[in-house]
Amino acid sequence: MVRASLVGAILANLLLALGGSFLAGGLRFHDQRFNPTAARTYSTMMFLAAISMTVPSAFSRLFAPGAVIPQTQFLNLGIAGMLLIAYGLYVLYSLKTHSSSFTSVESEHSVNDKEEHWGLPRAVGSLVFASVLAAWMSEILVGAAEATGKTLGMSQVFIGIVFLAIVGGAAESGSAIAMARKNKMDLSVGIALGSCIQIALFVAPLLVFASYFIAPHPLDLSFGRAEIGSLFMAVLIGAMVAGDGQSNWFKGVQLITVYAMIALMFYLIPAIAE
Amino acid sequence: MVRASLVGAILANLLLALGGSFLAGGLRFHDQRFNPTAARTYSTMMFLAAISMTVPSAFSRLFAPGAVIPQTQFLNLGIAGMLLIAYGLYVLYSLKTHSSSFTSVESEHSVNDKEEHWGLPRAVGSLVFASVLAAWMSEILVGAAEATGKTLGMSQVFIGIVFLAIVGGAAESGSAIAMARKNKMDLSVGIALGSCIQIALFVAPLLVFASYFIAPHPLDLSFGRAEIGSLFMAVLIGAMVAGDGQSNWFKGVQLITVYAMIALMFYLIPAIAE
Amino acid sequence: MVRASLVGAILANLLLALGGSFLAGGLRFHDQRFNPTAARTYSTMMFLAAISMTVPSAFSRLFAPGAVIPQTQFLNLGIAGMLLIAYGLYVLYSLKTHSSSFTSVESEHSVNDKEEHWGLPRAVGSLVFASVLAAWMSEILVGAAEATGKTLGMSQVFIGIVFLAIVGGAAESGSAIAMARKNKMDLSVGIALGSCIQIALFVAPLLVFASYFIAPHPLDLSFGRAEIGSLFMAVLIGAMVAGDGQSNWFKGVQLITVYAMIALMFYLIPAIAE
């Protein structure tokens, strides 16, 4: 269930939140622009995340099918460690050494009206507080959603990958879309893709480490072929769509169509299969 | 046979017609330019098409091997419906809301000499008439080609995916190449990729729907791994090559080389295998 | 062993040498630029190379598992022939017809200080001489490395794909990194990716041909799924990272992280598996 919700959260943010933002923003503005350098960094990080999930998945399917061998566990811990280092360096890169590459393309000539600049401690403090609050609220939501989903006859896989992800990520999707409606596309893309990256490169490896030391049984990053395939298709189309720093309503339609196809597939997977 | 010719038509248009245009145009002009925004839209649509074929293929291979289960049929109809909606919105996008993104980069400063602007009814009428005529002629051609191919000892797969596609698409490839020779690259790319998109996102889903209501047995969009793999490789290299809005003779060589490798593979697939 | 070192050399050059250059250069300069047209040509050539390895691998796995059928051999020879033609045309393209697309973006406004322009015979002569010398030295190195690796308990696969590739490519990686430190990014990218292309599109097909006429048993280009998967992930992330003609230290980190994950996977593959 934890693994399914990781994949689900990435798919929902990358396709649904980003697609919704492009669509909602594009219905109001003819063309919107955002920082292509930042968008390309996000795409590459997402691709890195997809690779980090593919490698252990392929490894256990090809070399240790059905069995848990020590190598699998070592590979999972090793990759989790690498992801945490990469994420730490990404934070350093995006906030410190190259923060100028992430500035909004719009802010250059206007805005800046009411935004007071927070100090680092206040910014970090608010971020941590808001994250904990969001996690707690989404915990409650998720419990309710799981029960609802079961009542509606959804399969376990669909609840994990699609339904929970939409419910749990509603706050982020909502704010990404709201920002797009205000033509603040850099913020919108940053929320949608930034939270993807955080989940895949920070939350997921932390969970792996935690599972080895706290949880009853270790969590590994190995996913089924349907999940990995969906992830790669999502990351590649996300990179194609966002790579030129422009958006319009039809790009939103493209992303949402891909999400709808993937969601339909997970909806129809027979219960026996997993 | 229908499925094989769908894949074949896409491969032939994307690799052979586009590659031939780049090569033929590039032998005459040192560098040619076309509208990169339009090319990127085409690439994304092609990727969408590839996903729409991968999802049902992977689904039936992973979750219902050998059997036809109701879910597979529902998935096929659902995806066909989504493709038709996406194609409708694509027409709206490219002809109505963002038609300016598809204008030729050359036409901005010259040309416009003899082209009279047709009204919508006349344009649509001609298009329908020409399509019907082309379909009828390619029907005749295809029948002849099939017989020829069998006489030459070609396997069923090769005839479907390579031979028929080249013969059936000769008219389009020819006009794409002719346009490239006249340095009208936007038209050339539009013909080659536009017809790909039409086949994959309009003709294919229509056939699926028709098969459920008219044909003796339902057609699904599930393909073998060789077809899907070829399609993804073609779409990705097409996106890489066309993404920057420039072409030269060597880009044509690259596309044609990929086509030759894929065609050789399909030629050599043993008859027993399919 | 030969096949493993082909894949290994490509991975090491594409991820480690390029990543090292971006990192080393980026630690000294805030942002570095190189010719994006050249980088995109390299990416497409690498993708062509990856396809040329995938097609025979997939063919023998799907249609002739376990057996050697005449079709496999014919496919290998055919693809090797196509690669040699494509490589020949690539040399013509990059040195003759479009050499201006490969000029350094920096050299336009400065440099040109001490570099005397060599004539074609001298340039080709030096290149051949240096290549032979490098091949001979790396032969010696590789022998020593293989023995060392075995002593250290590395598996055959890891020695072939990771260890030998790093040792054998140390000279190239070193010079790519040295050029990046001098802010000559075009040279650096050219060394790292140029040697990849040479291996994949010139050395590999030559070896195939040679194996059919000289060697005791034919060499084919069919690889395992782990190798092909790694190759595609490397080529795609390389294309994403290098496509915009800019580099910084974090792009180097991304490439090196991917290499580390892949190397760890090959390190852990159980000896039984291959």
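Chains here go by letter, A, B and C, matching the order in which they are written, and residues are numbered from 1 within each.
Convention: a residue touches a chain if its C-beta (ideal position, glycine included) is under 8 Å from a C-beta of that chain, and two chains touch if they have at least 3 such contacts.
Model, not experiment: these values are computed from the prediction.
Participant: I need the rotation angle between the copies chain B and chain C from a CA superposition, between 0 and 180°, in steps of 5.
Facilitator: Answer in degrees: 120, to the nearest 5.
Participant: Determine whether chain A and chain C, two copies of the same sequence, contact each other through the same residue numbers or different ones, counting it as same when over half of the numbers at the interface appear on both sides.
Facilitator: Under half shared, hence different.
Participant: Can you work out the whole-Å distance between the CA centroids of chain A and chain C?
Facilitator: That pair's centroid distance is 32 Å.
Participant: Which chain C residues touch at least two other chains?
Facilitator: 236, in rising order.
Participant: If we count contacts the way the header does, which residues on chain B are in touch with chain A in the complex?
Facilitator: Going through chain B, the ones touching chain A are 36-37, 40-41, 43-45, 47-48, 51-52, 54-55, 58-59, 62-64, 69, 71-72, 74-75, 78-79, 82-83, 85-86, 89-90, 93, 97-98, 236, 239.
Participant: Going by the contact rule set out above, which residues of chain B touch chain C in the complex?
Facilitator: Touch residues, chain B against chain C: 30-31, 225-226, 229, 233, 236-237, 240-241, 243-244, 246, 248-251, 253-254, 257-258, 260-262, 264-265, 268-270, 273.
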